[in-house]
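Structure first, then comments.
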Amino acid sequence: MKLHFLLFLAVTVSVPAVRAEQPILFPHSTHINKVHLKCIDCHISADTRDAATIPGIRKCMLCHAKVATDKPEIKKLAAIAASGREIPWQRVYGFEKAAAVKFRHGPHARHKVPCATCHGDMPNAITAQPLVKHNMGTCITCHRQNNASDDCATCHY
Amino acid sequence: MAEHPELLPYGIIREDLFRPLSRAGSKWWFTVTVCFLLVLAGLAAWGVQLRDGLGVTGLNRPVFWGLYIVDFVFWIGISHAGTLISAILRLTDAAWRKPVTRAAEAITLFALMIGGLFPIIHLGRAWFFYWLIPYPNARLMWPNFRSPLVWDLVAILTYVTGSAIYLYLPLIPDMAQLGAHNKPWRRKLYTTLSLGWTGSDREWHALEMAMKLNAVIILAIAISVHTVVAWDFSMSIAPTWHSTMFGPYFVVGAIFSGIGALIIVMATLRRTLHLENYLIKRHFDNMSKLMLTMSLLWFYFTMSEHITIWYGNEPKEMGVFGQRTRGDYAFWFWTMVVVNFVIPVTLLGIKKLRSITTAVIASFGVLIGMWLERYLIVVPTLVTPRLASATSVYSPSWVELMITVATFAAMILLYLLFARLFPIIAVWEYKPHSPEEED
Amino acid sequence: MPTGKETHTDQAKPHRWGMVVDLDRCTGCEACVVACHAENNIAVSNPEEAARGRVNHWLRVDRYYEGQFPDVKVKYRPVLCQHCDEAPCEPVCPVNATYHNPEGLNVQVYNRCVGTFYCANNCPYTVRSFNWFDPQWPEPMQLQHNPDVSLRPGGVMEKCTFCIQRIKRVEESADAGSRPVADGEVQPACVQSCPAEAMVFGDLNDPDSKVSRLAGDGRATKLMEELGTKPKVVYLDRAR
Amino acid sequence: MERRNFFKILSTASAGAVATSCGTSTDALIPLLVPEQDLIPGVEYWHPSVCTACPSGCGVLARVMDGERIIERISVERSTAGKTEKLRQRLAAIKKLEGNPLDHVSGGRLCARGQASVQSLYNPDRLRGPMKRSGVRGEATFQPISWKQAIAEASDQLLKIKAEAADRIAIVTGPGANTRTLALRGFAKAIGAPEPVVCSVASWAAERKAAELALNWQGLPFYDVTNARHILSVGADFLGGWISPVHYARQFGAFRQARTEIRGYLAHAESRLSITASAADQWLPLKPGSEAQFLAAVGRILLDLNLAPKASSVPAGVLAAFRGFDLAALIAATGIDERRLRQAVEQLGRSEGPLVLAGASSIHTNSVDAIIASHCVNMMLGNIGAPGGILPPAKAAIEPLTNPRFAEALSQARAIILDEANPLYTAPKSAHIKEALTKAGFVLSFATTLDDSAAWADLILPAHHSLEGELAVAPSTASRVSLAVGGAFVQPLYETQAVPATLAALAAGMNVTFQPATAKEIAEPLLPKDLPWETVVREGGFHADPGLPSVPAPKSKPAAKAVSSPATFSVNPAKFEGDGPFLLQPYLSPQLHDGSLSNLPWLQECPDPASSAVWSLPVEIDPVTAQKLGIASGDNVKLESATGSITVPAYIHPGAVPGVLSMALGGGHQHFGRYASGRGANPLEILALAHEPATGDLATGATRVRLTRIGPGKDLIQYSAEDKEERPHAHR
Amino acid sequence: MFLIAEYRSKDALVEALLALKGAGLTAEDLAVFSEEPIEFRKGILDRHSNMSKAAVAGAVTLGTLATWFVYYAQHNYELITGGMPIFSFWATGIITYETTMLGAVLATFFWFLWESGLIRRRDPEAPIPVIGPASMSLRVKCDSARADSFVETLRRTGAIKTERRGK
């Protein structure tokens, strides 16, 4: 089994990460370490629902209508908010359509999988980046280690 | 003199057999061009299929297998011409085999290369065919080794490897001799491929040893390969496919069609390469007898297969049986019986009628008949599924036909190229025998 | 021979999903057919493809006429994947795209499928259907797509899943509430739609479930049971 | 039905955050700010609504989740201002309809047509906004126009015509009883136009009329199939296309297998092997139009055998009429073997819970006679108002429109308003609809998709899909006061408008006071005090308990004024028009209904239960006739009546009644989107203009036709061609 | 020191070989070159071969490896299909068989390359005689001290041409 894990690491490590260009340099670190927000304060349904959700611009503006309005990134934010649009965040993790895979945050949160397992050290990161490389091997290995089902139909249907 | 080509002066033999390598007529170029264009057209058709999806074929529910699988089984069958026949002849040390073996072995390799493509062509997502191969991957998944298709993959890979080696080994001494060719690229090709053959007795000894061993092994592989192909069908529970007899039935059919192909190839080589002194009537006579035997065997199996279905009178099987013998496929079924049995037995069984021409005619018939046999195994069963409501009809689309035609063209093309690059008859095997050693 | 996999997890799956179709109730109205399409994002073909036998239904209603006028009888039988315990389609798949899961479902993993068609050929019920082309959904038809069900690309096999997405939803909500899945809580789309309530779905492992009780009915038969496929769809014959 | 499903009904009121796009690709399209703020990807909401695929009024639950569509709009960004840009828009989308378990009609179940109505909401051929004719009328060339302009133009035109001849404004609609019907009726009244006419082959006028005449009941009688033990159904394909298929199929399931020890027995007499006949334990193939004779014979035999325990409740004159019938002649008229018929009647009479259920799936010139006869037989059996019998209809929450004389109305109309009606398709050529549409001064349509008749409109003001707007529907059959309501819970896809709102706008433009009633206004007077409107909305409607005062008590003794004497109760022979040897019997397709659902690919691809045909519907020919004429399945044949001919594929139906050519409706649309236009043929087209005299309804089964083989064709596409279970290849 | 002698007749060659062996040379010191294989009776120029053993060893190795691999792979991701067991020798038999055969083929081939000396020049200094059609060359490896006597032997047995090479 260990041999296998190494094999898949060898395969995956060689894949370069695609860095997404985010429209605003959102510092997760500031919000978490300084403002002491929790992940689910913004990603509100990450612990219960399928999708974690990304907060809408109005949520940002709840604070940033007043807070730190002079910073350049916040100005960008305000400009977008004024245009009545949403922030065109780039997706960081996602499955290809052809992968036919269903990932649900809820069960993972319920079974106390830390966010960092899949999302990496976001609390110290600036903007959302794929800090952890995901592929089927990642899921399977974790599932096996945690005695979760590795039945294909757990995710593929 | 012509009765014993091996008694010809060695120098003449060499010259005769090496001559085709250096001379190409306009006919050769014409045929190569036509075949090449046909192969291109086939590739284009495949391109269309890859782009649009398998919907461009005539397949439907429930006829999920069609021409591609028919072609697959047919070509794998043809591949038995070679190695199997050559191995049998080599092991029995039939002296007349010498001009036949390499021609036969080449058929095997090319037919396998072509036949092996079909399972990929017929895939819904052909670009993922490598998922059948067990290799460590990020998905931590392995193929299902219980599937006959994985057996097929292993069997065909083994057979291709074995056949290639089996064809290659006796080519080494010939290529060593051709190393002195006047064209530089050819010289390089031949010397590289001959691996520095010196002609020492140690090499000869090892070669003969390897050939003998390989002949035994390849025989075992060849039989297993077509058995496994047969099991693709008989492992399923579709009516009339689920037959314990399919293994030997397919092997017999394969050898049968293989001989047909070989006779045609031999006759063509004889005519076009002017090898009348080497491929003599005795060869055709012997091959005809072999084919006659296989025809009788084939008939025995076919009858045995069908009479058990008829007698058993199991409704679902009778549906297929009825389709074949008096339904939509009756014409083709009876055509098959005629060309596979009536014609060969008449033409080759009656000594007076047996000649090179009749052998070729019978062979063409057998090729058609054996192709039909595969069609009649694959399609009528699928159009007559167990639940009547799922019944359907099947007629191949232009894409399937084009690809089928292209594979025949590819076979001819490969063969023409091979015959231009390598002596089609093993020259060194015409070693001067002293009369007392002659059997 | 073992028939179930011993999972190396501590989540023992207690369910074994099965269905009962009461042919005495079934009217052949085909509500289930459309319900299945609506639930499972099944591609719609077109007349040309339909004429070539390329219509995809995960669930079809077989119809057979018996007898001569005026004593004609019609037999309707909804045929869906029977989720055989020993499914002939499964061992033949070279890439394990179809296999048996711990809950007794015959699963088709679309993204693993390479399209050998072997499973479909080996299915005695002919319930597998193939995506001959990439399915087309003219705008805005995609709005109807059920996000719980994958959209299958061209070149892969598909079939009835017993609406596994619904099973998953219920199991998950049961898990979240730390309660067992109640009988009748999971309803595949066909079962839910059937006006005559001819279809019943449930856990065959639970002897008190409605489906288990009905499966023990005297009218119970299984389709082509003689093939040894051990189907999990039970038909209750029409009472005569 | 498990009430558990009810808990799925949630409101979206809970607070949530705006969730941005969860698309699968990382393209740079900017998601719009969506009003559906509470949409969380993967979370489902269930909203009650009503299915309007047919007038049964099934309460449904719509599963709403987030969806995404691409829209084009003019950019407002400074850099790209003025250019059209493609945007991905997130919006609440209906994923599926299920029956509403609280609804008494659907009971949580739904038929194929209901399931498919989502597809009419997301049909790619829906009209995007108001359209104005740009070419010659009937050419179907239109150009977009703004709502403001459209309303102005329409009200101008209507105002002009109203001033000249208000009584020549024809409003044509469907048979439903809903807020839309009510609005049309109110609008007609407000502008002084005559009451809207109904153009439909599924308005069940004969059933209504017969109930009124025989039992003095207003509305469609409610058959308590569940509690019956032995049903003899006559002429009513109640599991297929009759009044409320979901409701009756639910009852049928229970009738068959819900009771321990008791299994309901169904005998079905119809001139077609419909799906009801298929489900029946016994099928009595009637000659078309002989339902009245058959029922008369049933009554007579019951009386003869003393199996009519409540014969005394039948008016004496009627009883005498029954006794006076020439039984032999009646039986001969039905075409059924006498022994078999007598046996069937005896079985019915000896049953502990007999019920006769009659209707007119195929309307004949004597359909009302037949149904009246059935009511009389039920009276004899003591079934009126009894459990397992025939229950009186509740007071309709919304009165349906019943005037079926659309042909007359149209022929003299100066202005025509089309709503939920497609007279060019539903009426035969002989009704001269095309001429009327050509002649009219102004044609206005509220069609959601360009259909055959809307193609002749001057102006199309597309209506919302019924799932997009607020709606209340009175179910077509109910024994309690019922109303199914649906709120607006998804954003309309296009620039469409609900019909009541359009009518209000038109009225305003015409300076007429008219305010359409809302669902709440309709429902509130009917509601018991303890049932607030909010609860009704959340539950998708209400069903008054039988004890409530708003429900009329079942009449113990019907005032059967119409059937009190033999002079008014008669069993007339059905009349047929034309001179061909075959009777054409168009019927409501189990999938496509009356053709109004032909543009839904799910239904087009759902195999026809009779022929397994998809994408086209064949004419069903019996094997003997087919052999005589050399017709094989799939051949093209010509059906020729006195008024026209159509070419259709033939299907050799092993259960077809000899001499009867049945054909399902649904094909033959000239204009109806990409999935229906130009496919198949419409049998209604060649019908003779015969009417059921008591109702004025079009008699759909009264046309004689000639049948000729044209040659092999490719139009019959069957999902499964094999009709027999056993293979033809026997042991030989 | 190498001696090279050309012969035209097989009998003469055989005689030479016998004479040289009689003079104490072993088969290892002798090599015959020809354009076609020459068959010698037993005892004249025997060449020992382990090819069959190699083939068997290759067969057993690959067959066993493949079977083990299948066993491992099937247990690595246990998927039940069609009620079949996770691993069964029945269903794996084909793969075992084919890979066994593949092992034999490959072992034979590589053993051939090895044993024939094609990929392994046994004696890099040894000269390779040029041979023509119908001629045979005999190469003798010997001490230069005894070379003269061997040349004599070769000539006596009918060598057309003799040559000395190397030291």
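Per-chain numbering from 1; labels A, B, C, D and E assigned in written order.
We adopt the following convention: a contact is a pair of C-beta atoms (placed from the backbone, for glycine too) under 8 Å apart; a residue touches a chain by one contact, two chains touch by 3 or more.
Keep in mind that what you see is a predicted model, and the values were worked out from it rather than measured.
> Enumerate, in label order, the chains that touch chain B and chain D alike.
A, C
> Which chains are joined by the largest number of contacting C-beta pairs?
Counting C-beta pairs in contact per chain pair, the top pair is C-D.
> Which one of the chains is farthest from chain D, going by Cα centres?
The chain farthest from chain D, judged by C-alpha centres, is E.
> So, comparing each chain's Cα centre against the centre of all protein Cα atoms, which one is closest?
Chain nearest the centroid of all protein C-alpha atoms: C.
> Roughly how far is chain C from chain E, centre to centre by C-alpha average, rounded to an integer in Å?
Roughly 62 Å separates the two chain centres.
> Between chain C and chain D, what's the gap in Å when you average each chain's C-alpha atoms?
Each chain's C-alpha centroid was found; their separation is 30 Å.
> Just the number, please: Cα centre separation of chain D and chain E in whole Å.
Roughly 89 Å separates the two chain centres.
> Taking each residue of chain E in turn, which ones touch at least two of the other chains?
Expected reply: 76-77, 79, 81-82, 84, 91.
> Would you mind listing the residues of chain C that make contact with two or more other chains?
Within chain C, residues 8, 55, 60, 62-64, 88, 91-93, 96, 99, 112, 148, 153 contact more than one other chain.
> Provide the list of chain B residues touching at least two other chains, using ranges where the numbers run on.
Chain B, residues with two or more chain partners: 140-144, 146, 148, 150, 388-390, 392.
> Quick one: which bits of chain A touch chain C in the complex? Just the residue numbers, please.
Residue list for chain A touching chain C: 48, 97-102, 104, 106-107, 110, 144, 147-153, 156-157.
> What residues on chain A touch chain D, complex-wise?
These residues of chain A touch chain D: 20, 42, 44-45, 49-51, 53-59, 83-91, 94-97, 104.
> Flag every residue of chain B that touches chain C in the complex, lowest number first.
My answer: residues 52-55, 58-65, 119, 122-126, 128-129, 131-132, 141-144, 146-150, 153, 232, 235-238, 382, 385-390, 392-393.
> Can you name the residues of chain C that touch chain A in the complex?
Those in contact with chain A are residues 7-11, 13, 96, 99, 101-103, 105, 107, 109-112, 148-153, 161, 164-165, 168, 172, 175-176.
> Quick check: in the complex, which residue numbers of chain C touch chain D?
Listed in rising order, the residues are 22, 24-31, 33-35, 37-39, 44-47, 50-51, 55, 57, 60-66, 68-70, 72-76, 138-148, 182, 184-185, 189, 192-198, 239-240.
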